[in-house]
Amino acid sequence: MDEFEREALGDVDLDDPVLVEGLPGVGHVGKLAAEHLLEEIESEPVERVHSTHFPPQVSVDDGRTELAGAEFHAVRPEDGRDMLVLTGDHQAQDNRGHYGLTETFLDVADDHGVSRAFALGGVPTGELIEEYSVLGAATTDEVVDDLEDVGVEFREDEPAGGIVGVSGLLLGLGERRGFEAACLMGETSGYLVDPKSAQAVLEVLQGVVDFEVDYASLEERADEMEEVVRKIQEMDQGTPTPSDEDLRYIG
Amino acid sequence: MDEFEREALGDVDLDDPVLVEGLPGVGHVGKLAAEHLLEEIESEPVERVHSTHFPPQVSVDDGRTELAGAEFHAVRPEDGRDMLVLTGDHQAQDNRGHYGLTETFLDVADDHGVSRAFALGGVPTGELIEEYSVLGAATTDEVVDDLEDVGVEFREDEPAGGIVGVSGLLLGLGERRGFEAACLMGETSGYLVDPKSAQAVLEVLQGVVDFEVDYASLEERADEMEEVVRKIQEMDQGTPTPSDEDLRYIG
Amino acid sequence: MDEFEREALGDVDLDDPVLVEGLPGVGHVGKLAAEHLLEEIESEPVERVHSTHFPPQVSVDDGRTELAGAEFHAVRPEDGRDMLVLTGDHQAQDNRGHYGLTETFLDVADDHGVSRAFALGGVPTGELIEEYSVLGAATTDEVVDDLEDVGVEFREDEPAGGIVGVSGLLLGLGERRGFEAACLMGETSGYLVDPKSAQAVLEVLQGVVDFEVDYASLEERADEMEEVVRKIQEMDQGTPTPSDEDLRYIG
Amino acid sequence: MDEFEREALGDVDLDDPVLVEGLPGVGHVGKLAAEHLLEEIESEPVERVHSTHFPPQVSVDDGRTELAGAEFHAVRPEDGRDMLVLTGDHQAQDNRGHYGLTETFLDVADDHGVSRAFALGGVPTGELIEEYSVLGAATTDEVVDDLEDVGVEFREDEPAGGIVGVSGLLLGLGERRGFEAACLMGETSGYLVDPKSAQAVLEVLQGVVDFEVDYASLEERADEMEEVVRKIQEMDQGTPTPSDEDLRYIG
């Protein structure tokens, strides 16, 4: 297998689509948001990307295996703008993989005429969130303006550590190749899978891409998570706060 | 030395063989099973694979050294189907090695006319096993059917973490190259070298490949392991359970 | 993106410049010193270097992103020697990156006619410093002589562990390519960002390169750090000394 | 810089030399032994090997720097066999480096007509040693015989974990290229730099290569180490045994 390999899954013709990336990350915010789009709007598979920088692994679903990879789907909202949605179960395992996979993802985007890309993710606050703000970062002032119009917050020096992984590089490498790109980061505690933060991110994306989705399933999942938090808080009476480790994989 | 290197050890003509892989892993189940085949049925060495992704190491046997590698043996059961059995003392040390070694192993299989591959391994349950089930995963529904016929269990969402290493990639990469492949995973505690789990896996393999082997030596080794477990349980009265670390390398 | 990539930022003509490197390291001494030069003397950007061996990351400043990299600036002191100043937020993430980035940095230096290079950094003493000595290491006896004249100390067997990272390789690889190179290491506790040590290093560099800078802003920052130390010492009454971990990122 | 680079240091004509390797490892036995040869018998530098797989580092000696590397010296005992002695301060930092450096070392050996190689090292016993045995491993029965004649012990299944690093690969890769190679491993606690074990190894090597050296300086250093051990044992009265960590770098 080559270091980075594209596999076509369908022949799709998209009209001036935007790229929407949601790979695993903080609170699984980006992945939840991208997968929600695929569940709620009719979509079809476009390409799959494999790489020796993904874990050497197959997933198993009902006895059938599938090689680790990331997948692009075409999503065409009835009245809104076409989207090329990228999601998957893995991030690259090393630096060279992050750079090379992002270049490959941008190649795919290029081939489908994408000029604007949105990387979806979460930004950890360390505290349970009351009101879900969405933080932004972008490659051009024009994109910053567009996003501010729909309520995205741009703050001096936030996120402090910058943006790492594919989401960050979609902006860093995308800019070098002439893409307009933005990262939409939903605030999230960082401890829990966070459907509410995913919804906040999608509501913002809706404002710039113009689609309609129902949030019932995300809200239901958010209720389940709140139940989990309630139980942890009960267990917690008189005992030390559960550590990040305890909470990180709940969901 | 090249990154991946094949060294022919003998000139063997096999008749429509299946590949049987048993490299080190959970409970050493796959390795024990593959080595048992080599001990019980007449076999001859076919190829050895070296790689800069194996540990930089020689093993020492009676003062003579051998470079780290993996080895293919031809195994011809009297009445059953020919097998190309792959075993060794090492897994690759990094992702690129896992992918590259698996491709190399599939090259060898290809050259000997293999069309169906069985990856043998263990799946950790975290508890001592009473009844040894064998879990399956496969690349085609046809293989799933064949294996269900001989008692292999296919469960929704198991194993939860997928299958990693060469065993997983034999399916993931094998499928892309047109192999039919399955992974046979014996349930095992995950704490101990587990000859009983290896026997369970072989008994299933027997059903699809059709060979006869005596299990006396595996059973003897299983008795020794039970003795070890008994001693640990005695020591354990009133003391904390031995940690995974303590148990993992017993055997 | 290539493994190592140069991006021209301006067209600058320097007269027999020296290279001055100040990337992140012990006490951020080198980085503070290099950045102080850029703040105090008129400078202009020359080149930016990107690499797949830098972290897969963008920094965010006021909502706008910038891909991880290192940057060269031309600095022309009024009466002193021209300088090509290299600084940035990252070191390479692996050995191959350290070697390759250093070669790339030397390529840039070569293209601008550099023949002498100064790597700035800190050397940890494990104790709070009263008097800030600057330790030296160099590729030729001639450079050693020049630096001893301005007060740099050369000690047998110091620094004991040698010099690692780009600073070390600028000397090790630079020498092979005919550069005269020296490392100027300000003594520093190793626990805190150390503007005083950066000033000590600059005062020595001033002696050999001949420029004038105001140290008010570094002194101010040093005062802030002393305030931090004072607070830590107060908190510390009757409690264990704060660990390196606690202190390392203060500043 | 290339991944592996040879730099000629002198033009030396050796008569049917043996390669003697002593790089850092358990108890620094091999390195001490090789360096003792260089101190006690007239020698001259032959080649230096650099690599991006060595640490990105320069050593500093009296203010002058030297890039990380390994060095070959020609050693010509008055009456014995010529030796090409390889030593240095570093091992490779990764698997690919171990394999590639060993191939490079074998290239150098080849160019000087070496047909037999001795890798010197220590084998850890976990206990302070009373009588210093030397364990052997070799690529051919002929070398095993020669070494048994001079007192080297060959034991079934020892060393249990095989031989790792350059010492192991000199045998594993050397054999593939037609070298006769052996590893001579002095027993050593594994906790301390062990000049006595180095002497034991050299006394065995003397038997097969035929040279004369004075051991006074090694014995002196061994006395110093014994003094260290005595002090540790005194400190140890009523306190827990110093951990491996405490002891490992003493010497």
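For clarity, chains are labelled A, B, C and D in written order, and residue numbers in each chain start from 1.
Just so we're on the same page, contacts are C-beta pairs under 8 Å (C-beta built on N, C-alpha and C of every residue); 3 or more make two chains touch, one makes a residue touch a chain.
Model, not experiment: these values are computed from the prediction.
Number of steps on the shortest path from chain A to chain C, with steps defined by chain touch: 1. Although chain B and chain D share one sequence, what matters here is the overlap of their interface residues, and that overlap falls short of half of the numbers used. Comparing the CA-atom centres of all chains against that of chain C, the greatest distance is found for B. Its C-alpha atoms fitted onto chain B, chain A is found rotated by 90°, rounded in steps of 5. We define each chain's centre as the mean of its Cα atoms; on that basis chain C and chain D are separated by 37 Å. With centres defined as mean CA coordinates, chain D is found 53 Å away from chain A.
In chain B, no residue reaches two or more other chains under the touch definition. Judged by the touch criterion defined above, the protein chains form a single closed ring in which each chain touches exactly two others. Pairwise, the chains that touch each other are A-B, A-C, B-D, C-D.
Within the complex formed with chain B, the residues of chain A that make contact are 1, 52-68, 93-94. Within the complex, the chain C residues that touch chain D are 92, 95-96, 98-100, 102-103, 136-139, 141, 144, 154-159, 162-166, 168-169, 171-173, 175-176, 183.
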